[in-house]
């Protein structure tokens, strides 16, 4: 079992599973900075490091939800600051499309967050994680999605 | 003489009776503007105005996806636990004589060398209540494949509509008789004026014998006619998924790094990747070859291997095809 | 010009093209045996061009046959394709995305006054009720890209604000709470049988190896359970963002009546608003999802 | 052509000459100075402390009123011009202040007014060429020092009537009138008006500088657009003559006055009588009248 | 099954305080494929690394996980160690359980930190299972450098590279190298004559066997990537055959036509066939075509008649030469902001208001006045000079917001030169602050004030105007709080240093970044001061912002050393994080080609045995690809993958979540 259930066991009460896809140069470094500056934030997020937000395929996000994520966070360099000059502009386009699609499908947008966090914005990172965690904690586990697999096909209901 | 009759008004009671005895009642019902076989709870869900349900009831003996095993990873060992299929008594109401015959074809496949309990256990507890057709459309061609609204093979109970919309009941198999016994309260004796059956015209120019022998000849395998006949096929699996005799499946594992399940999923010979080899080579590299495979599966391989019917002439594949590729047009062509 | 006249011109043109050898095959519509339904036909012999027909039943978007998936059709040689305006939009996208070279296909554009939504609905005459939403808002009844146009100019001008069931339903859904939308779609997708007819019939799903066929890793579960169905349908919609022309083939082909047009048209709207782009009109401009503008507007990236 | 016109207080009193001559000239040039039906003092100082909203209220009221009578507004007094134009800019660019001001004066003004100095009207709306044609009494041979002062030009990004360091609009007009403008260094310097009350010495010095540098290059006449300049220059002239040996005071008049003169209006109507240093001798020996 | 070893670092107490590293090690032992785990105090220490190497050997490990600090810290360290022990470095992954776990969860129970570390480590393990061994990319390097700009920075870079034994082509758009420094008189703070220290370097550059000078030339087009640039250079027609010209100067003598000398900044005239200045390198005259009557309307031609070697050719045309380089040094220098926009100072109106560079010429012994300070209007020796500093600099309204850095120093120098050359002359300096940071700089300005009694006034000048032969300067002395008016004979403006016209166009050709003032951007302002974001292109001198001679020279050398390092091996190794195309499934829709920020993806073909094209496919150029992965996400059929961040790796990580 993954840590979150276990964690819920320890802290008592429910602990949301949150997956973060971040770029290597800005947000990951920003998260590191939060560490080196000994800031503190909620322990629920699990980071997956990618070179650039431009590498992030919407399927990652879908897969994260399929794997029981209660919330997903995507973050990278501010527009104009991309280490690869334009990667995050491409990302922004895709997100605009994808966000509307998810919204239209009825995914609760409080479970899917997009953000720009630069290498120096440790504080922003901390606030972001805390806010996202608290918000999702309020919402509770993403049962609608987790439940999907075991729901019987309609014909056999 | 008096006949056993199932009043339309009694179907509700029959459903309840089946339900109370822990059984599932499958009947044609309207879902998203289509009549489909569906497990139902009450009589008002049942729809009586249809030719054939869009889907075959095979999915109640051979579900589109089912878990056959679970496994979990601990240390370096994998712990795999097979699933037991718990078959629930199921009655299918309103099947058509054509599709009823498909069960023998399916059983043949699922039992000829390895007995697939996921199928057999379900089929053993299945009661098929066939209703003779009082309607047909241009896609129906049971008569062309030597079946008819009277065909009774595969049915456990054979029903015929009466003028009053009730049904005369003829229990054919032990399972059928037992069922009627079990739910005796829902049936009654009486006279009935039968609605005439409607039999589709035999399509002239189609000669199964000719087709058989033609397919038997190796050289015809490479006959360019295949290409011309099926050029328009776009290779979706719709025909195979609605076909009552198609039975191909694929075993796939789904899960996380911690645990997973092994699933048995429908597959279709129409897919490009169906026979794709690991090497990248595909013996059925063109769509017409895939279509030829399905055709021969119906008219050579299975008849020869199991002497079972490959095609029951229900016409579902014709109705569902996005490009209106009509198997009978191919049969006609190949009868020349 | 009546359908009959158009058929006549069409057949003559086809014969001319085949005899001159300018094209090797004419991709068009013909009758099934019972002459009740239309079906795609491929004419290679000049003497058979009389099999070509045109009427409101010619729903199929034949542009799918121009994709590389159909190796055997490509093997026949240069094609002429009979196409309605809406079909031509797809051809334009295929050209943009380098699947077809403009000069490699001869487009016979058919002036169109509307098609039936599904052939089964045809009762002998074309009434607005049996026409799909796309026809009610069609701005390409006069083919916009073609080598030869058949039919008298259509006077139809699409309404200012789009009309039709699809748009009404989208508006309705947008007005609902997320949970309601979720239930709606999960219910619709739960019927999906993963037959991939929607993919196969779509000329813009031209991938020679669809992502669903890719199993290392298996992004999209092959199982037809609701989760697998959802990820497939989301991915399909996402892959068509900024490309889909709303031809409606996917929904027509779907054997279980999933309202895919809603998804597609919704995203078409999004692309229009966000990037001011309409797919299928100009083969010169790149689809919006592979380019960007430094001042793309959004309000949700915090 | 009819242009909404804001005279301002001084032009109703001591600087009447500036007002009447301007109206007359306008008539001669074929446009009308339509005085605002209602107006109040501009406040005469643009608040230096940027957050002093109260100081902006008076001009804001004028502007909102003017907007109701047209989309442009012209004025003559450099100070009024400076205050109105800068206030208008604030209202246009600064949302918060716009809200506060509107709330205070109970109007809904958005800063859409286009404020033109009379000079700009002549240059941009009428055109100096046309002015030249209309001239009846060319000011031949008169060496004129065009004194801009500060208010008309600065701050450049707010006012922008002409290049703040090397303006020419004034000279161009004088040329059109047939006069000979002289280039003198202090033409854009301050006359000291702001210190008139509490430090006269400074005024005398600065005004002295201006006049001296003008006469130094042979100016026989100084023209200005600003009542304050006109007042301070004339007023300090005697003291300057005492302090600076060899300094000879010259007449200081409004540009509209000599404009009217050139356009052939009745000399009596131009209000020269208001000035301390009499211009008549000059005009006579130049044989203009 | 893989044989993975998991090493959990305690980092002293940095991790151990919040994470039970022992437990993590135990838990991870249960993960499939993991055959060895342990925790240790300092994994990055040499004993730690030894332990790792040993375990690899003893346990026959084929994959390494180190759960420790951020990969940004020690990924390289551990990968090196793994490589040393004989496994592919890219089969070693680092889990970040310090910066992103232990350090940010002090407030949590140790249990929580442990659980999170478990998760993160497990995710990395699953990811590692999908890591395929990668080998660093080798790119062949053409060992020839291009230096753009023949100022002191460019000359220095060229010389150093040449000394390093590599070929250099030095491109200068003027007829002679030397740049702005050639104009200077003496140089602060040592006061040695600019010409005397520059000229030898110019000559050395000309004579060096490894350096080829392309003067009067400009870069037209740049293609390729690090190690393999292809550059088109326009060699403007000089109308004089460089190889045959002896530099005798007869032609210049005889040329009857004159025009303003750009080199002398309009302080004097030059001939129409000319060398910018006497010590020009190469010493070959060029004809100023627009002003030459012969070329314009076929009159005159005197030069050709007197030319001994007959090397003048009026029909000569521009030549485009294409050269290949492994690296490029950009040293295009600066220019002065046009003063005309400062009307209050009267530049352009008042003859005797000049700028600092013009003063340099007046003070230069090779200048128009032979080094005597004489004012332009009437050639009189000025008795007093006002120097105005920060003309345009530190002036957001009318100029630029930055400080031009050298003006304080050269103005001090000017006052000295002036007081040395004109005894009894008085100089005034209006300044905002005196910025004289640098070795012996402060002493220098003090000297100007104390020994050479330059009068420094802290304040701005409001107006400069002429008054009977004098230049009147009105300004404020903020220290005494009074208005001052100075009767000067001459005014010198310390005009802002700005980037060259066309700096942006060149940057676009090179594909390097520039700021809003069109100064070129360094890769990292502190740690990579001479690199650009485009690998293989380096910067030197004032093209990146105001700086003085020593800085420019230092940068020239720095850039040169970068180039030499690059040239030190025949191939250069790069991280193998690049995209790769699956040719079997590629649809050739070219979406990736459009999306790639580096145009690293090309259209390629697959041919059959007969050599006929059977299909088109995308192809990634490893040399250019920077590994951002934009193409991967753009590819619908998943026919492109990014090595090191493959779909499988990401997928595995998500699956272990």
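Letters A, B, C, D and E mark the chains as written, and numbering starts fresh at 1 in each.
We adopt the following convention: a contact is a pair of C-beta atoms (placed from the backbone, for glycine too) under 8 Å apart; a residue touches a chain by one contact, two chains touch by 3 or more.
Because the structure is a prediction, the values reported are computed rather than measured.
Return the chains common to the contact lists of chain A and chain B.
Chains that touch both chain A and chain B, as defined above, are C, E.
Compute the shortest path length in steps from chain B to chain E over the network of touching chains.
1
Taking the mean of each chain's Cα atoms, which chain ends up nearest the overall Cα mean?
If one averages C-alpha positions chain by chain, the most central is A.
With chain centres defined as mean CA positions, report which chain is farthest from chain A.
Between chain A and the rest, the longest centre separation is with D.
Comparing the two chain pairs, does C-E have more C-beta contacts than D-E, or is it the other way round?
C-E
Which chain has its C-alpha centroid at the greatest distance from the C-alpha centroid of chain E?
B
Between chain C and chain D, what is the gap in Å from one C-alpha centre to the other?
Spacing between the chain centres: roughly 72 Å.
Let me have the rounded angstrom distance from the C-alpha centre of chain B over to the C-alpha centre of chain C, please.
31
In whole angstrom, how far does the Cα centroid of chain A sit from the Cα centroid of chain D?
Chain centres of chain A and chain D, defined by C-alpha means, are spaced 65 Å apart.
With chain centres taken as the means of their Cα atoms, state the distance from chain A to chain C in Å.
Computed from C-alpha means, the inter-chain centre distance equals 35 Å.
Enumerate the residues of chain E that touch no fewer than two other chains.
Chain E, residues with two or more chain partners: 122, 584, 595, 634, 647, 651-652, 655-657.
Counting only residues that touch at least 2 other chains, which ones in chain A make the list?
2, 63, 67, 86, 90, 94, 153-154
For chain B, what residues touch not just one other chain but two or more?
Within chain B, residues 31, 64-65, 256, 258 contact more than one other chain.
In their complex, what parts of chain B are in touch with chain E?
Residues of chain B touching chain E: 73-76, 78, 255-258, 280.
Once bound in the complex, which stretches of chain A touch chain C?
It comes out as residues 58-59, 62-63, 66, 79-80, 86, 89-90, 92-109, 113-116, 128, 144-145, 148-151, 153-154.
Quick one: in the complex, what on chain C touches chain A?
Touch residues, chain C against chain A: 173-174, 178-187, 190-191, 211, 219-221, 224-228, 230-231, 234-235, 237-238, 241-242, 263, 266-267, 270-271, 274-275, 288-294, 296, 298, 300-302.
Going by the contact rule at the top, pick out the chain E residues touching chain D in the complex.
My answer: residues 342-344, 349, 397, 463, 465-467, 472.
Would you pull the chain A residues touching chain E in the complex into a rising list?
That would be residues 2-4, 6-7, 10-11, 17, 19, 28-29, 31-36, 38-41, 43, 46-52, 54-57, 60, 63-64, 67-69, 83-87, 90-91, 94, 126 of chain A.
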